[in-house]
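Read through the structures below before going on.
Look at the two complexes coming up: chain A is in both, with chain B in one and chain C in the other.
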Partner chain A sequence: MTLDSISRRSFAIETRGLKKMYGKRVAVDGLDMNVPLGGVHGFLGPNGSGKTTTIRMLLGLTTCDGGEMNLLGKPVPKQLTQVIRHVGAVVEQPKFFAGFTARFSLELQADVMGLPHNKVDEVLEQTGLTDWADDKYRTFSLGMKQRLAIAAALLKDPELLIFDEPTNGLDPGGIYEVREAIRDLGRAGRTVLISSHLLAEVEQMADTVTIIAKGRTLAEGSVNEITGNRSSDLEIAIRDPATARLVLTHAGFDVRSEGRLIVVHGVADPANVGRALAARNMYVDHMVRRNPDLESVFLDLTDGIGIGEMAIDVPDAPPPPGAKRAGEADHPRSGPSLGPNDTAPADSEAAAESAAGSRSATVLAPAAAPRSNPAAAQAAPSGSRPGGTEGTRAAAASSAPSARPSTAQVAPASPSTVIEASARGWVPPPGHSASSGHSVDAAAGSHRAYPDSGLRSIEDGGE
Partner chain B sequence: MVRLFKAELKRMWHRDAIRWLSLALVAALVVLTVVLMWSARPLSGDRLIQAEQNYEMAAEDWELNGPSYLEQCREAEALMQKTNPEYTNNCDLMEGPTREQFLQSSPSVDVMMASPTQGGTLTMMGPLISGTIIILIAAMAIGGEFGSGFLTTWLTFEPRRTLVYVSKILAVGAVGAVIAFVTSLFMTLAPILAVTANGQGLATSSTNFWGSAWLPAFLLSIVLGFITGVASAGLAFVLRNTALMIGILVGYIVLIEAILSQAITAIANLLLTKNAMAILSGWTQYPVEQCGTNDAGEWACQTVYNTMGRGQGLLYTLIVTALCVVAGWALFQRREIK
Partner chain C sequence: MRLLMTEMRRLSNRQAIHFIVLILMILVVGLCAALWVSINPPSDADLQTQEQAFAAAQSDWDANGMEMMEACVNEEAQLQAIDPTIDKNCEEIQPPVRDDYVWAAPSWDDLLTGHGLGGVGFLSGFAPWLAGAMAILMAALFVGDEFSSGSLSAWLTIEPRRTRVYVTKLVVCGIGAAVLILLADFMTTIGTWLILKINGQPTGVPAGYWTDVYIDQLVGGLFIVVLGAIAGAALTFIVRNSMAIIVAVVGYIVIVEMIVARIIPSLQQVLLSDNTLAYVAGSSDYTTQSCATAETGLYLCSEVVHTVSRTWATSELGILAVVAIIAGWIFFLRGEVK
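Moving on, here comes the complex of A and B:
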């Protein structure tokens, strides 16, 4: 799902400048979120980042201290009663009375909604609980409890489902069951918001994600776009790794050691690495691209770098209909403005250097392309917008006065543009895919192409 | 609202803890009935001989000491009349024991039901038992929802908290009314069973007892059960914890009703049990210590009994209930539900 498609439709959930304080502690700090209608939307953040608090505010379980929220187009909590019938939710752990059977628990809720009891049988069937319908809740495994909670949420036949950490505490079998159930719901055209800190889980389920930390939006968009906009690492096995590392460092690559392996960071074109080594008569035994997964993106976004460092100047463009950009309400733009067709500012190179490791800059600005990849910058002309970057939005942190998020619609280029462009520059042997998700077994002299999932981990790509 | 209320009743009925409490209530009432029947059985054998001996001892004592008892009574009366000229000990009514007093098997059915001093099954034991059960049910019904987190699930179905709150306290109130009804029924039947099993008739010592005393007490006990349920549910919303609520209940009974009320007689009219008794019996008395300088210039204290009427008891009970309900509602509106 791309930003274009999102923006043309209504959002299932919208928050603008949402705030929540617990005493002096800020739990949610001007959170902006857009959950498109239909599909599974991941709501990601470290523990304590404000996910559950946000969900609680959306459902009226706690009050908010500022900002606006809309559920299915209705402002909440003001009109929550009008939309709650269309919203099913499981907040944190499933919560039912231990002595009640699954069927009775659901019948009670059906009674409140005025639903016939055959609807209960229907959702029990949907969640695979028919055989346990008359067993008491206390006898259920955690996975079954979670399924019962999902069944309760489905009773209303809701347009929007909200699951807060639905796989917490589940064994692999339970995780699989819940994941499949959520996928099915998304495929059936419902909107599912799933909050989690388990990134691999979300990656397997979600079409779009919002990443938050410290109660603020860090990034939002489709999984492919967010992960695709990250430069990848190249893992190399070579006979003399110490010398190879020196060679590559001298050639301007960002290199680190991992045991007997060396890892080159931010490589857009593996051929450049191969050439640099070959020039010194060094030949790799094994070369694998480590494509960034959501987890690495998440860690990159939420760890190490302060919020303020994410602030970037981005082109100014009108937001898509119905979508106010993250952080906009509270932090008016103060940095330089770029029109939709403007090129990067003159000092963009310096900015790019300083922002080489910066996430948002990497996402949004071509100037942020790694220095080791000059061809990439050339191959990504300003104003170009490859399809792969559509919809990716990064929210500048509210702590940075100049922060202004942008839509990829108006971003001159994106890292995925960079990667793809540089990939085009690398001339692989016949049959080798230049796209992400491939490995080169130099020793064997063969090249294998992998499906371009954009979400591949080293395990996937390795032998 | 009706759907919510019905669902609340259905849920309460299916709660294991509440079913066990209901069972405990019935068991307690059965035990009470049996005890009442046992204690009211006619004297026979050894008990009859013992009663005869007791009478003879009392008669002998009266024979020897009667005049001095009368004199002591009059002296005490005279002393009290120095500060309160209208005070009387009714010494002239003092008389020697009679055989009937010692051999009487059981009081009449109306005395067993209504007199707080002689059993008082309908006006004292019944409300005590049912009141305790109702408070426990409120603690478990409301506290359990907070404790289990089920309230969160419930609010995702019905986010209007006032409606949820009202439906819950009304449901507990309704359960309280049912419990009070069942208890009062037992407390009415137990004395009847006791006297009929002993071969006594249903004759009452006061005229028009069934119309003027029993019926109001019976109906008001049901009302009081409802009020107790509502007030307890409101309090449970304030405390949100079953154990805490039970702890407070036990603490109140032990510290306030049993200990503090003895030490500070001035709070007697604020005791919940006293007010409940006033509602059910129509009136009750509570002791108040009055101190002052008497005619002889001495500082003297005396205990007088103030009367509390049904209206006063009802008013006080309703004020306490309103405070609990409003506090519970206000906190439930604002609080984060986890």
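Moving on, here comes the complex of A and C:
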């Protein structure tokens, strides 16, 4: 597959440089997003990061102040009327009249679309609301309201479903119901975009994600790539942890103790740790990688720009000619950069195929210079920049090029941004402990030892 | 057409609309009940008291009437010696009329002429402006709830063409209000006729009344109602809150119609109540006082009667409605829908 063969239609949603201002306040600041066809795509960001505004712009509920948007290959809002028939959406909370029954609410919507009323029964059945079809909306629990909203979205039999914070306010039972419903929709081949600030929840549902903050894209790709491709903590049990800690610290690793264990922070390649200890005749009893989850990735990504600080107000500095990007090889590369463990194929088409095939995660650093992180910089062993060789890409989000697919794209960045992002690597913030430990072969020590379901969903969905 | 029919179905099932229907029905029943009470004679004791009051007024007139008349004429003559234009309206001093003191059953003709309009219902009768206000209220509730419940944004994810949605909602409000008020008008008119008939009162009307007078005023009233509903809906698209519209309507009636218009009488030319009445009845009069110091040094005031014509009323109401419709459309087209 070449880059060219991935047409606009390969994505259910695309945005390029999307902008929205409320007065002087920037709500969305040059947002780039690609939602592949098929599967569940998480749209992550803290409250106020621009998720709902982006969705509202996509659906024509508010105007955008710049950039481009495509829904199912059609530019919106220009051709929204042509494509809306294939898009079901629930924006913010479910919205129906309190005095209308579930069936009547759906019948009205079916009437507008010219659908037969048996379609209403079908979606009520699908969402498990048949028994409550003639109950008034006001008597519904929040979970039932959410299910009714999903039923309304399904009426059109849409290719694309957009759910904005679908589990907001739900109890655990309701969250489970909605999560299962969304998973099923994704499995059925539909594209589902769910926006949420609940990262752990999205991690359970989504195949791919876009992480944003301050109206900008920070990272995009499959969940496994975004979490697994990044350097992580390494938990080591060893007979003499105090000496081992000294040895590793001396070797340039960021080490801390956790009881009888030592934890090496920000490890790109566990083999390096094994070698450093073996060189002093120390051998580990066990070594477990604590893979970062989305939450830790998100916290790491946003650590640099500081949630609550308007880093986006800093103007972008264009990169000087010939400036290197993070992880970029010495030879110039005009095509898209590659995914994890990229080996820089000689010709650009091969590079494109590699990129399209592996769909590596792209991590876009904010244009503003992030806060420095001396600890992380110190922790990065020389010659093994965490993340740098594993597909992590630092770039200025606002200057991302328009060529597709952008998941494999690296935008030019200001040198300071690149250096900072590189130096930070994968450093969970203080007090944050990574979870989901997976045993790895210390010798191999590669993230590739883990299955990558995200790849499957994108490739499948792209057909 | 599909959208229009769906919106009609939506409107007719809204609880706020059911509430307005209930209020209208209460008004209809109230009006009929008031007529029923007024058409039945009071108690013998009350009648006796009324007769006594009339007899006392008659005696007073017999004793002092001519004297009062003469005094008035003399005073007028003295004043006219100073200023010949002075008129004390002495001819208004008249002997008492029995009907003014003692109860008499109203007839259909009395009721019609008593209102100054050609009917007894909402549109054709006593309060076309009230019908217009109710139409505004209905439209405000219908559109306002769409915004406050958020269902309009959900609606726009099905039909994103905002102009279509806007026009449909305005049309539906106009139709809905017209149907409701027309129904209330018919019910009041028929109820009044039935009450008179049951009580053996005359129900005859002058020839050609129904075709020449009633229909004309009914159509005029309907126009006011439709215009009110459309303008009310358009204004709600601007402020997006039914309560704000209700407060604005009540505020306008209390502050502008009842207070400011009394302070500045000439303002009546543009008041919605006067213009509504002028449109329905063909014209409407209001008076202002014209005061000046005469050459003799006396400060004299006289009442000046002004007329609001139907042409003026049509222009004013039309312009206001068009401005509201365009403003609402622009706000809805460009604004964010939450």
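FYI, the second predicted complex is superposed on the first by the 244 of 463 C-alpha atoms of A that agree within 3 Å, B and C clash if a C-alpha of one lies under 4 Å from a C-alpha of the other, contacts with A are read in each partner's own complex, and residues count from 1 in each chain.
Everything that follows uses one rule, which is that contacts are C-beta pairs under 8 Å (C-beta built on N, C-alpha and C of every residue); 3 or more make two chains touch, one makes a residue touch a chain.
Just so we're clear, the structure is a prediction, and the values are computed from it rather than from any experiment.
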Clash-or-fit label for the pair chain B, chain C on chain A: clash
First (chain B), second (chain C), both or neither touched by A:95: both
Touching partner for A:21 - first (chain B), second (chain C), both, neither: neither
Partner chain(s) touched by A:261 [first = chain B, second = chain C, both, neither]: neither
First (chain B), second (chain C), both or neither touched by A:108: both
Which superposed partner A:59 touches (first chain B, second chain C, both, neither): both
Residues on chain A lying within both footprints (that of chain B and that of chain C): 56, 59-63, 77, 80-81, 84, 87-89, 91-93, 95-100, 104, 108-109, 111-114, 149, 152, 156
Chain C contact footprint on chain A (complex, rising order): 56, 59-63, 77, 80-81, 84, 87-93, 95-100, 104, 108-109, 111-114, 149, 152, 156
Complex contact set, residues of chain A against chain B: 56, 59-63, 77, 80-81, 84, 87-89, 91-93, 95-100, 104, 108-109, 111-114, 149, 152-153, 156
Chain A-facing residues of chain B, complex: 3-4, 6-7, 10-11, 14-16, 144, 148-150, 152-160, 334, 336-338
For the chain C and chain A complex, residues of the former touching the latter: 2-3, 5-6, 9-10, 13-15, 145, 149-151, 153-161, 334, 336-338
